[in-house]
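Across the two complexes that follow, chain A remains constant while its partner is chain B and subsequently chain C.
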Partner chain A sequence: MTRYLAGRVAALLPVLLAVGVTAFLLLHLIPGDPAAVILGPDASAAQVARLRHALGLDRPLAVQLALWLGRLLRGNLGDSIFLRQTVAQAIWQHLGPTAGLTALAEMLAIGAAIPSGVLAAWKRHSRFDQVFMSAVLLGVSIPSFWMGLNLIAVFAVAARWFPVAGYESPLRGVGPWLRHLLLPALALAFTQAGLIARMARDATIEILDEDYIRTARSKGVADAAVLLRHALRNALIPTVTVIGTSLANLLSGAVVVESVFVLPGIGSLVIQSVSRRDYPVIEGVVLFAAAVYVLLNLAVDLLYAVIDPRVRY
Partner chain B sequence: MRVFGMNLGIRVLLIAAAVGLAGAGMARGAGPAAGGVIHVATNAEPGTLDWTASTATATRLVAWHVYETLFALDRNYDVKPLLAEGYSVSADGLHYTIRLRRGVAFHTGQPMTADDVVASLERWGELSGGGRETFTFIKHVTKVDPATIEITLNRVFAPLIDNLGDPKQAAIIMPQSLARAAGAQPARDYIGTGPYAFQKWEQGRQIVLARNPHYAARAEDWGGLTGRKVAYADEIDFLPVRDDQVRFAGVSTGEYDLALELAPDLYPQIKGNPHLTADIVKVFTWRGVVFNKARPPFNDARMRRAVLYAIKPGDLMAAVGPKEFWSLDPALFFPQQDALYTTVGKDVYNHQNLEKARALMKEAGYAGRTIALLATKDYAWNYNLSQVLVPQLQAAGFAVDEQVYDWPTLLSRRTKKDLWDIFLTGFSPSFDPTAVIFFARTWPGFYESAAMDDLLSRWGQTSPRDAAGRKALIEQIQATFYTDVPVAKIGNEYGLEVYNDHLRGYTSYFDVRFWNVWVTR
Partner chain C sequence: MARFVTLLVRRRPMAAAALAVLGLLSLAALAAPWLGLPAPDRIEMAARLHPPSSVHPFGTDNFGRDVFARVLYSGRVSLPIGLAVMALSTVLGTAAGLLTGYYRWLDTTLTRLLDGLMAFPAILLAIALVAALGVGARNEVIAIALVYFPRTARIVRASTLQLRERAFVEAAVALGGGDVRILTAHILKNAVPPLIVQSTFVFAEAILADAALSFLGLGVKPPTPTWGNMLDEAHVFIALAPWFIVFPGTAIVATVLSLNLVGDAVRDLADPHAVAGRGLG
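Now for the complex of A and B:
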């Protein structure tokens, strides 16, 4: 187990290096210029050139890459061009809203998706199952920004239960924090719930057709026990896989939702940095996202062993 | 981002907003009241708050609460003193003595002195495009006594005071130590003399300014960026909200007091809501077609004139928004800018004539070379305009290759002389002909004209007090604009801002200001 874990973590390094170098090259090959953004539309070419020089952006790409890699090996992601902080500080500072948003969205999604998915499988082809399948289809089809705008219209503008947008730190109270995060989390959870519920239903249906379920029933085990102890536990394995990969996707969905709801998270940081060409921040966030992705996959693999005693590392 | 499916969402949102506000009765206070927080939903987060370093609107509209200049525009766009008490010019026009107002202090409480002013102006001369241009005429800036400076010129330069008051190339005054420390880089400590002081900047969330307790206000009622300024609100929060539906929703619920730059299609909903006021900003921007004059075919002025005859500005502007949001006007400046406005060129502008266009193209020897037109979908107006412009150009016989990029890419490509022929842009107001950006050789478009250079240098010799001489020159400058056609003007576009009942005392200007404004809450 420890060896397995060490191997997997070690494999992280080449992945991050490849991602980092690719991101660096792609970013610097696409046109655009942070100096022009800082100086504004009326700046002259000479002014832009001087600031580019001051920022070190006029050096050969290979030199810039070497400098960046050198810093990276020392664990330094560099300094943001625009923010008055290091890239690591910027990521750390923007992590809170994104972590809160994705965790809340995932909880809402799982809370709604697994019970309804299992129930739909149990009552296969019933009216409930039909409604369930339609809802799932809607969930995976509706873009989260559109869902977000509608949630704002109904719950923030018409009902006034929630603020239109913005963020409060949980340090200033869980209530205000939740009030600001619930609508964006719902917008995000809708798609997520669709994906998870469909997998939960399909996996449960498959399990319910297994011989050991029939055996359990024929022994007189109660329906609820069959469903919870035998079916659900086995159906969780493919479902956890979907949850794991979709949690990573949730981060990309968060980019859009954070923008609509003005949450100062990683997604907003990415959008802002891309439009300003804040290279060090974009590179840092890409690396960070890659690490999260790899670690999430690792976590899912480890979870298999917890859920299924047959899986050992 | 405009997506087909969004329309329903917008409608739901607007109906809900109208219903919601109808129920919210708001108290109407009588006079100005101190206290409270003004929440402003902006469309973009600035790159810096250093107003000398950046010409961006996002920087300016926050920074001018924090920083002040020696001179500034009044409500009629005329230059008046702000931190200066007044000035005098020697008979030869080479020595400007500027007296500073006494009792002005920085946000730190430290009094503003001539040393701070000299260091700040020198930094402006190094950092700002307009400052560098102005400093080519300046021999030196010296301190006469703690409350007086002298600017010595190497040749007569009449727009000196105007340039010191230009809000787009702002000569902000900061403490000497900070000016020296920042040098040619954007400043990192935002200390000025303005009615509000910088408090904090949480990236992606808010920029907070707080009332400056040391503020020394002028007494005059000049409006604009000078005269008496009172900081009624305790705090101004600038919140970057990218989606204009969300900005509108927030101003409807009262979470924001004012929302910037809304899409004109929201205007009917704003008009129908008694709690909201639409501010149509008429001194906003004008749209134009910029030519690359550094390579064929548009290095030939006849080809540029051909485009002027090929386009139909009314149809183009209709792509930008409803009729309330634009006007057809040949001028380089806005009608509100009395001293600079003229209609010279109206016999050429908005006179589509394909025969004339084709004749000019033939005369210039145009043989169907493909024209690279740069456009972006990042801004709806840009893409929409290009969709109307391309067929208009094609109808006249131009072969056009429309290339769509993201805005930063477009900005980068347009600086390279061999990558493009045409791009569309907007020109926010200029306050002096020498400050019109596309008259500069280095600005994308690469305009070089001996006739224009001569006119601009004569403008530099003509005293602002010689109104008739200036008027004649402005007319010639605009006439040359229509013979050289460095840019083909399309039309003036208006901006749309909205504010709610909570915000009082607000007046429209080319960009938003929140001194002399209070909130009722």
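Now for the complex of A and C:
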């Protein structure tokens, strides 16, 4: 296990390096002089020169890359140009709403997707399966932010069950926190549920054709027991992979959904930073999100060992 | 093409209907200026936020502009953006996929780089790229294509790896065929079916990404209408005019859903091993 873990982590390093280099190149994609672009048209030459120096843009590209990677290794994402704080502090401050939102959305999505996916596979080609497949296709075709707008129109504006927008810290009570997060989480969960449910159905269909399922049924095991004890557990394995990628998708969707519900999360931080031309923050958030994705996938790989005892290292 | 449509109508009626919806949406967008509609930017302050009526079938927006005309005109922006993203990411993805699949020495480095690119959440990377390149239709296309081409590359690479070992490729090598000829005439030609399927899905993703970016104010800017920026305007008036969010959103869903249906159908029809009757339609 330790050797496997070490191998997996070692395999991550080149990917993380590629991620770092890509994020570094973002700032250098800016046409012309990034310092001049950041400061806007009214800046004096001296101001531009000072920012160039502060950002290290006056050094050779290779030196800049090496310094930036060195800083990253020490966990330093740099300083915000606009906010009086480091990029890491800004991310930390905005992490709460995004983490709560994505976790809630993922729980809702899994809760709906896995039982319905397994059931659709069990009743393959039935009426339920057809409705299920249509719902899945609709789920992946509806933009989550539009879903959010519809939920606001129905449940916040018309029914007045939920606030239209805003956020409440869970420290001030779980109830208000949940009331503010439930609609955005539902909007996000719809798409995710589609992705996970399709995977769960496919995986279950494959497993239901296995010999050990036929054996179980022929020796008279009840349908429910076959489904729960034999099929579900094995169908979970490929489904777990999709959950890893879906969490990354959720981060992507969260950016837009946060802006619909005015949640002060990572997405809002990015959008604000774009209009403030605060490139170090944009770069930092993008890098942070990619790192989360890579680490989540590592966690998923390790989860295999827990769910599937056949995986040996 | 005609044979494909007949096959679709017979075996996948839902996908055939989806193809018809796509054709209708494209035709409406193309013909919009000649349909006798009010100009999409004609402001009529006396008719602000009117609900759907016989004069304005989709109602009017906060400037009294005709929402039906604006939804059709949006197709003139969003559909070409989707097409351009599809074209660009297919070209980039095919090139990267062929190279990494065929040349082992390139495979490790380039594939790692593409894996790195795929680790970024899609919309977040597109936002960062647009922020760096500047707002505008051209930069938006570049940004979205850069986000999605590694997925295409991965699929072409997988086909290339398989085809490279096949006897007919070996025969072509033995006959002294050059790399370029082998890659294009023998490998690419046989990798086309999965590539078409993938391109359809990229088109759908591009429509969704364009909608998200222009909803956030990072796509094509008003007064030029796009489905995304109309939803941004509708958001403000959601309490006064809840119907306003319905139409641009439905246009997005109709486009994306149709593309997904067509993509699924092409995949199943192209794959002789696919179980008949699986999936929709």
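In this text, the second predicted complex is superposed on the first by the 253 of 313 C-alpha atoms of A that agree within 3 Å, B and C clash if a C-alpha of one lies under 4 Å from a C-alpha of the other, contacts with A are read in each partner's own complex, and residues count from 1 in each chain.
In this section, a residue touches a chain if its C-beta (ideal position, glycine included) is under 8 Å from a C-beta of that chain, and two chains touch if they have at least 3 such contacts.
Here the structure is a predicted model, which is why all the values come from computation and not from measurement.
Of the two partner chains, chain B and chain C are each touched by A:P31.
In the superposition on chain A, A:R160 makes contact with chain B only, while chain C stays out of contact range.
In the superposition on chain A, A:L295 contacts neither chain B nor chain C. In the superposition on chain A, contact of A:L149 is made with both chain B and chain C.
Residue contacts after overlaying the shared chain place A:V21 against chain C, while chain B stays out of touching range. Within the superposed three-chain model, A:A103 lies out of touch with both chain B and chain C [touch as defined at top]. In the superposition on chain A, A:V286 makes contact with chain C only, while chain B stays out of contact range.
With both structures placed on the common chain, the touch criterion links A:L178 to neither chain B nor chain C. Contact with neither chain B nor chain C is seen for A:V221 once the two complexes are overlaid on the shared chain.
Residues 30-31, 143, 145-146, 149-150, 152-153, 157-158, 164, 259-260, 271, 277 of chain A are contacted both by chain B in one complex and by chain C in the other.
Taken together, the chain A residues at the contact with chain B in this complex read 30-34, 36-48, 50-51, 54, 82-84, 90, 93-94, 143, 145-146, 149-150, 152-154, 156-158, 160, 163-167, 259-262, 264-265, 268-269, 271-272, 275-277. Within the complex formed with chain A, the chain B residues making contact are 1, 3, 5-6, 9-10, 12-13, 16-17, 19-20, 45, 47-48, 53-57, 59, 127, 129, 132, 168-169, 184-186, 188, 201-205, 239-243, 245-246, 249-250, 252-253, 255, 405-409, 411-413, 415, 425, 428, 437, 440, 442-444. Residue ranges of chain A in contact with chain C, taken from their complex: 14-19, 21-22, 26-27, 29-31, 125, 130, 133-134, 137-138, 140-143, 145-146, 149-150, 152-153, 157-158, 164, 248-249, 251-253, 255-256, 259-260, 270-271, 273-274, 277, 279, 282-283, 285-286, 289-290, 293-294. Across the complex, chain C meets chain A through its residues 112-113, 115-117, 119-125, 127-134, 204, 208, 211-212, 215-216, 218, 231, 234-235, 238-239, 242, 245, 249, 252-253, 256-257, 260-261, 264, 277, 279-280.
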